[in-house]
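Following this line, the structures themselves.
One chain, chain A, links the two complexes that follow: it is found with chain B in the first and with chain C in the second.
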Partner chain A sequence: MVCKKCDTEPVYLLTSGVRLCRSCFIKYFEKKVRKTIRINNLIEKGDKICVAISGGKDSLTVLNILNTLTKKKNFELFALLIDEGIKNYRDFTIKDAEKFCNENKIKLHIVSFKDELGYTLDEMIKILGMKPCTVCGVFRRYLLNKKARELKANKLATGHNMDDEAQTVIMNQFKKNIDVSARLGPMTGVKDDKRFIRRIKPLYLMSEKEVGTYAFLKQLMGKFTECTYENDSFRGDVRDMLNDFEMKHHGVKNNIITSFLEILPMLKNKYKNKSTINACISCKEPTSSDQCKACELKDKLKEKA
Partner chain B sequence: MVCKKCDTEPVYLLTSGVRLCRSCFIKYFEKKVRKTIRINNLIEKGDKICVAISGGKDSLTVLNILNTLTKKKNFELFALLIDEGIKNYRDFTIKDAEKFCNENKIKLHIVSFKDELGYTLDEMIKILGMKPCTVCGVFRRYLLNKKARELKANKLATGHNMDDEAQTVIMNQFKKNIDVSARLGPMTGVKDDKRFIRRIKPLYLMSEKEVGTYAFLKQLMGKFTECTYENDSFRGDVRDMLNDFEMKHHGVKNNIITSFLEILPMLKNKYKNKSTINACISCKEPTSSDQCKACELKDKLKEKA
Partner chain C sequence: MKIFLEKEQKHVEVKGNTVSEILANLEINPTTVIVSKNGNLVIGEEKITSKDNITIFTVVSGG
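This part shows the complex of A and B:
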């Protein structure tokens, strides 16, 4: 068993059954990400891209690949890290992020929940008595959009991979939230909306396993760390189920994404009126209702603290 | 804990959390099936409906409920049973079917693989070396359509329940066959196509558990028997997965079907050209290619026998 391309020792088995060595896997991976960018027109000349990073494998992979493309594609980038204040996790990944950005001469902005909102996530959970993933998600999205815009970015790149997207598609389907799926895809948002920065997902077609392997082979980070809070249990169940299926029936995740991309244009068309964006009555940030979720939670924090 | 409607002893817990006694469950079940028929316009005055029965819980439930509606809705029905010749299974269910039809004065036609195709399913499997569900599915669909048309039916009612449909939706999604899902739904086929009899699924919104309970409470059949051939393994995996999810997260199957019905009109529109029906070059039965799958298998049987 040798690499299909160059007859050397393989390190990775693709779902198609092809084995690749270290060097050919890295080439395959980067080529597929570039193709995802090209086909979906994720990057245009003159873009200023804010890369949302956590210091984990997904976001450092995106940052690394986009950084190699800035000259060729004629765009700028910088990194933005949201420090939620999760002890024994974020403190470690911040170091990896700083080291990577330093070595690669990438401007890194760090914005913390504590400075911006008055409390760390650890403190918020105690005050609100809510699930950590819910609170974290709302404030992370809020700060990413606000700061990316303030720093004059016109796009926000994230490390979402194929597994993340397949899980979200299935979760929305299993929860009867099919309209929410209309807001998914490799690029979301509208071109000239100055309030809501467009999201791009360059790793859209790469599986979590492929991203992990790439980050490991390229030694993008130090030790592997995971968030100390337990994941949303429904997402956890969907993730485990998809991993089980993928083991038995190779290619299932990819099939879910391919099927989804076939119906996505129809979903976007059907639910286009549901995605009207208003300005939050409190902070002017974009929201689908009157007040944004972040301001709702900020009010609750004031009330309960 | 008592029946929500009449304070007597409950026998069934709906996914909504409502408990019902025997009599209220039967009323709930029949009302929901009638609503499915009405909303989807499954039955019209003057219809001649062929009910495809196996003698199992699903098909006897459909037959029983449709039989109570013939006068009110002014339509005719008869039953059609395909005897594949599966020993220790079909021989038992045929008895249940005959008993039910006798007692309810329903005309029953029995058509066998052996008479129509020269071999029982058991014999075909040995000759072809193929999976039983594949061979059985092709010939069952072929004979049901052919015989229903010869017997002058304009609709073919089947016992497909919500679990069956949810499994098929997920299987098509996981296998990247989303175009095949465009042919699903509570009623399929085209009104004035004389070759392809329209299918109707009155149990479309009833879960397998509900159907089983109804058939048991109404004592529609004798002992419970299952096909002795092993199920398609992919469908089996999807069925087990959905059952696991339903246990932990009530309503998942219903959510899948509701989500699916939201996108079904878009799918039908997108893939309408893919569902063109031709006449098989060998037998004139409807097919999506030149020769129908049944004639392909008949040729293989001739070749290998």
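This part shows the complex of A and C:
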């Protein structure tokens, strides 16, 4: 069987059963990402977008596609990489990120845990005895928001894909965290609060396999690498469950997301007045409690180091 | 035939006449990987022989 559109060898089989060759797959992928951006109004004229990159397939795919749109949509972009200090992982992906940005003349800022917080993630884990994903997640979110704002960005683009979002939606259901789901979607954050940089997810409707295929075909990075720390076990269980379902019942991840998008406006409306944004008593960064999670962890590091 | 697992950086011996068959025999979920045959990406129904250079890339974490 050949590509539906041009009678050449297929490289991808869509869940609908349509076969696509290399050229048609790339066109399909880029068109769908552009449509996601357009219908969700993710990018506006005059935006300054900070693209959070790791050097992996998802973030380099976002950076590659947004970089082709800067002139047409009249916006600026730069890349920001957080170096957590994970030996035998981040050192490799930084090289891919630097290579890509050099070749495409994109300004890259690298911010490290060590310089900003005094310790690498590897060191923090030993001191705190906590799960690496918890510590990493708190400090990554903190630094991405803080640095993007300092660098005058008004939006932060991330490489979150459909798999990531479907997992989060199901995890929130399983944990009865529906108020957290109300803060999800292709664009998050509060429009009129300058402390929070709004986040956009251009790959929101692309499956992780589609992103991997695109990154491979476009040769965006050297090799597929994974963090050396084990993933959060609850997310891992949900991810494996969804992958099993996807294998047996094609399209379930897409169905989770499309049905979630239908109820999202109602969730946002229901929870719109339920959370207040305060300034952290220690660092003044935005937080829903008195002290932000990053400062809580910083205090623990001081205690235990 | 011998195929290469990119994530594990190792070769494994497996039987199968198509990409789908080798993935099934290796108990790999096809929604989590992409497969190249002689450097080009192929889909599950692609026929393969022992002369082909097959690599499996894990693109979806875990599984």
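Just so it is clear, the second predicted complex is superposed on the first by the 304 of 305 C-alpha atoms of A that agree within 3 Å, B and C clash if a C-alpha of one lies under 4 Å from a C-alpha of the other, contacts with A are read in each partner's own complex, and residues count from 1 in each chain.
Operating definition for what follows: a contact is a pair of C-beta atoms (placed from the backbone, for glycine too) under 8 Å apart; a residue touches a chain by one contact, two chains touch by 3 or more.
Computed from a predicted model, the values in this text were never measured in an experiment.
Q: Quick one: is A:41 in contact with chain B, with chain C, with both, or with neither? Answer first, second, both or neither.
A: After superposing on A, A:41 lies clear of both chain B and chain C.
Q: Does chain B (first) or chain C (second) touch A:11, or do both, or does neither?
A: A:11: touches chain C, not chain B.
Q: Is A:176 touching anything from chain B or chain C once the two structures are fitted on A? First, second, both or neither.
A: first
Q: Between chain B and chain C, whom does A:266 touch in the aligned arrangement: first, second, both, or neither?
A: It touches chain B, and chain C stays clear.
Q: Name the contact category of A:255: first (chain B only), second (chain C only), both, or neither.
A: After superposing on A, A:255 lies in contact with chain B but is clear of chain C.
Q: Where on chain A do the contacts from chain B and from chain C line up?
A: Residues 244 of chain A touch both chain B and chain C.
Q: Which residues, counting only chain A, touch chain C once they are in their complex?
A: Against chain C, chain A makes touches at 1, 9-13, 19, 22, 57, 163, 208-209, 211-213, 216-217, 223-224, 226, 231, 236, 239-240, 243-244, 246-247.
Q: Please output the residues of chain B touching chain A within their complex, sorted ascending.
A: For this pair, the touching residues of chain B are 172-176, 178, 234, 237, 241, 244-245, 248-249, 252, 254-256, 258-259, 262-263, 266-267, 270.
Q: Give every residue of chain C touching chain A within the complex, in rising order.
A: Those residues of chain C that touch chain A are 6-7, 29-34, 36, 40-45, 57-63.
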